[in-house]
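Labels for the chains are A, B, C, D, E and F, by order of writing; each one numbers its residues from 1.
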C-alpha cells in the first residue's frame, strides 16, 4: 500500500516509528464550521454575555478534546502538547459558527490530528448544546489549513494566504 | 436562554436532569463524509482486500469513539450503549468516503451525540491514515439523519425518506 | 475490619457487591470552598461578565469530573448518572468561592463520591486558573451535606437545616 | 483579565503556550487533611497491619490520580511525570489523616496541579472507604507548600520552614 | 464468518446489538497465574505484612482494570458493573501467584471480558512491581472458569468441579 | 523490601523517581499466545481475507492498549511512546495465535510494561471476538523477550537467540 505510512509492507496497520525523527517545534491549525437555523445562531449570540454560553463551553471541550487525541485515533502517538488554542466565531451572514484550533508541540511528530480533533469536538459540543432547538445542524469544512515543523516542512492549504 | 436545555434560568451550563424520564429504546443514526483526491481514494480501495485497511481501522475507531462520548462532550450523560454500528463506503463518483453510524440504548436520554461522535472519530481516523499522501482532505456533512425513542419522538432529516 | 464495607473478612479491599440492592433514585449533595487573597477574588469577579470566566470553567470541570469518579476512586462502581449540577458562588466576606454539587442516579448505589469529586475537581480548577496570581489559595470544607435513596436512608449533615 | 494567565486578551480561556519555556526540573509538594470521628481513625489504624488497608489504597489512588490531572483540569498540559510520591499519616491528636504528595517533571511547565490532584484523590478515596461508618468526614487544608523549577522560581508556603 | 458474533454478514467488525436481550444477573469468574523465580516469590511473601505489598497493589489494579474493559476491548459494551472481586494467592510449590477475578452485572450482556481483563491487569501489575528483580516472569493460564446468566446459560470450564 | 524498586524503605508503594535518569532510546519486545480449538483457529483464518478480521482488530487493540498502560498499571510513568508494533500470527500446528509487541521510547524509563500490556490486550481481544464459538481458550506464555536502553542494559530472554 505504497504511499500510506500507517501500513507496513504487508498492509498491516502500524503506528509510525518516529524514534529517529528530530525534536522540532511542530504547529498545526485546523478549521471547521457548524451550520444552523438563523434562530439558533441568534439564541447562541443572545447567550454571549452570560456565564456559561455555548461558545465558551465548546471552546473548553475543544481544548480538552485535543488532549484525548491519542485515546481516540488508533495510530496517533501520545504527545505532550505545549499549547492548544481554540476560537469560535459566529458568522450570521452564513448562519454558521466557525471554529479554528491551533496546537503546538516540541516533539518528533506533527500535531495535525490534535488540531482537527479539537475542531471536531468543539463542533460536536455546539451541536449537543443546541440540539433541543435545532436537530438539523450540519458540521462541515473540517480541514487542515496550516502545518509547520518536521521533515515534511510547511503546508498551507490552497487559498489560505491570509 | 429559553429554548436551550443545557442552561439553567441564570444561563449556567448544566447537564440536563433525566432522572424522571422513562427508560425507552433510543436509536440515532448520523452520517458524514470525507472528501479527498481521486488518487487517495484509489489507494484506499487498493488496500481493501488487505488485512489492516483504512476503512476497517476507521470503523473500529468510530465504534470505540462512540463509547468515549461522555468523556468528550461536557454535558453528555454516561450511557450503557447496547449497540454501535459504523459503516464506511467509498464513493468514487464524489471522491468521498461516506460514513454512517447507528447507536442504540435502553435508557433515559437520546444517543444522537454518540452517533455523531462515532462518525467524527471515524472520519478523523481516515484523515490520519491518509494524511501522508493528501493533506487537503475535508470532513463534512456530519449530521443527524434519524432519531427515535423518548418524549420528543421520531426525527427524520428532511429529504431522508429512503 | 468490622464496620468498613470496602474490606472483606480478611481485610482485603473489595468493591462492594451491590447486585442485590434495589434500583432507587439516589441523590447526593456535597459542598466545599476555596479561600484566597481578596485581590484574587476581585479578579475572578471582574471576569464574571466575560465569556471564559473562572467560575464557569470550574463548573464545567466539576460536571466532567463527576463522570470520571469510577476512574479515580478505586472501589467506586461505574454509574450512569442522570444528573450533575455544580454551582460556584463568590463570597467576598470570606474571600472564598463556595462550591455545591448535586448528583442523581436511578441505581443500586449512592452518588456521594460523584458529588464530592465534582466539588474537588471544580476547586482544583479554580486553583489552576488563579495560581499565577495567588499560590497560597486553600481548598477546604469539602463534605457531604445531603444524601437520599437506598437502604441507608436520608442523611443530612448536622446543622444543614436550611 | 490582567494577572490571569489562563485567559487571552479578550477574556477567553486558553491553555498557556509553554512552547518557548525551557525544560528544567520541576518539583511541587502539596498537602491536605481529612478529619473524622476518633472511632473512624481507630478503625483505620486497626487495619494498618492488614493487606488492603485504607491508607495504602488511598496512596495508590493518589499516585494514579496525579497521572489523570490533564484529563480532569481543563487547561492543564499533558505531562510525562518522572516521579509521584504520596504519603498518608494518621494524627490521632487531631482525628485526622494528613496527606502529602510530591510530583516531579523534567519539562516546560510546573506540576503543582498534579501534586494537588494527588492529595485530593487520596483524600476522596479515604472518604469512600470509610463513609459507611462516618458520613461527616471533612476534607480540608489542601494547598501547595513547595514549588521549584521554572522561571517563576521557588515558592515556599508561609510558615513552611521545616 | 459464521459462528462469530462480532462480524456482520459481510465480515465487518460490529459491536453485538444487545438491545433486545433481557436484563438478568450475569456473573463470570476468570483465573490466571504468574510464574517466577522462588526468590521473587519469597520477596513478595516477605512484604505480605507491610502496607503496600505487591499482592494488594495488584488486587486494586485488577479491580480498576475491570472497569476499563470497554476502553480497552474494542467491541465490548460499556457496563455498570455491580461487583468486582479479585484475589491473589501465592503458591510456593509452583513458584506462582494465582489470580482469580469475579465480576457481576444486572444487565444485557455477559461480563467474561471484565473478569479476564481484571486477571490480566493484576498479573501485569505483579510483573511491573517485581521486574527489577526478575525479568523472566511469565503470565499464563488466563481463562474463563465460570459464567452464568443470559441466554447462553451457565458455563463451567472442564475440570472445574470444585 | 530490598530488591523491589516500587517500595520505599518502609514498604510503601511508590512510583520510581526517574528524574535523574538519562534520556536514551528504550526498546522492549514481549510475546504471548492464545490457545484454542482447531475449529476456532480455522474460523479465524477463514476470515483472514475479509475487511474486519479477528487478527487485525486485535492488532489495533494491542496498539491502543500500549498507550493506556499508565492508566492501567498503578506505578507506571506516563510516557510519550515513539513506536508501537503488534504482530499476530496463527500457528495451526499448536492451535495458537502468537502475539509479539515491540515498543520504543526516547526517555527515562523502560517500556517493558507497554509491550506486555499490548500483548495482553491483543490476546483479550482475540478472546472477545471468538468467545461465542469457544469459551475454553487460554491466554498464556506472556513474557518479555528483549529489552534494551537504560542503565540496566540489554536483556534477552534465555533461549531467545534468534
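What we mean here is this: contacts are C-beta pairs under 8 Å (C-beta built on N, C-alpha and C of every residue); 3 or more make two chains touch, one makes a residue touch a chain.
In UniProt terms, the chains line up like this: A, B, C, D, E, F = Cyclic pyranopterin monophosphate synthase.
Here the structure is a predicted model, which means the values were calculated and not measured.
Novice: So which chains are sitting against subunit A and subunit E at once?
Specialist: Of all the chains present, those in contact with both subunit A and subunit E are B, C, D, F.
Novice: What chain is the most remote from subunit D, judged by the mean position of CA atoms in each chain?
Specialist: Using the mean of the C-alpha atoms as each chain's centre, the farthest one from subunit D is B.
Novice: I'd like to verify one number: the distance from the centre of subunit A to the centre of subunit D, where each centre is the average of its C-alpha atoms, in whole angstrom.
Specialist: So the centre of subunit A lies 31 Å away from the centre of subunit D.
Novice: Indicate the whole-number Å distance between the mean C-alpha point of subunit A and the mean C-alpha point of subunit B.
Specialist: Centres of subunit A and subunit B (C-alpha means) sit 16 Å apart.
Novice: In subunit D, which residues are in touch with two or more of the other chains?
Specialist: 12-13, 51-53, 56-57, 59-60, 64, 68, 71, 74-75, 78-80
Novice: Between which chains does touch occur?
Specialist: A-B, A-C, A-D, A-F, B-C, B-E, B-F, C-D, C-E, D-E, D-F, E-F
Novice: State the interface residues of subunit A toward subunit B in the complex, per the touch definition above.
Specialist: Where subunit A meets subunit B, its residues are 1, 3-7, 10-13, 32, 43, 46-47, 50-54, 57, 60-61, 64-65, 68, 71-76, 112-113, 116-117, 120-121, 123-125, 127-133, 135-144, 147, 155, 157-158.
Novice: Residues of subunit F touching subunit B in their complex?
Specialist: 48-49, 51-53, 55-57, 59-60, 64
Novice: Note which residues of subunit B are touching subunit C in the complex, please.
Specialist: Counting only subunit B, the residues touching subunit C are 12-19, 70-71, 74-75, 77-80, 107-108.
Novice: Note which residues of subunit D are touching subunit F in the complex, please.
Specialist: Touch residues, subunit D against subunit F: 25, 56, 59-60, 63-64, 67-68, 78-85, 87, 104-106.
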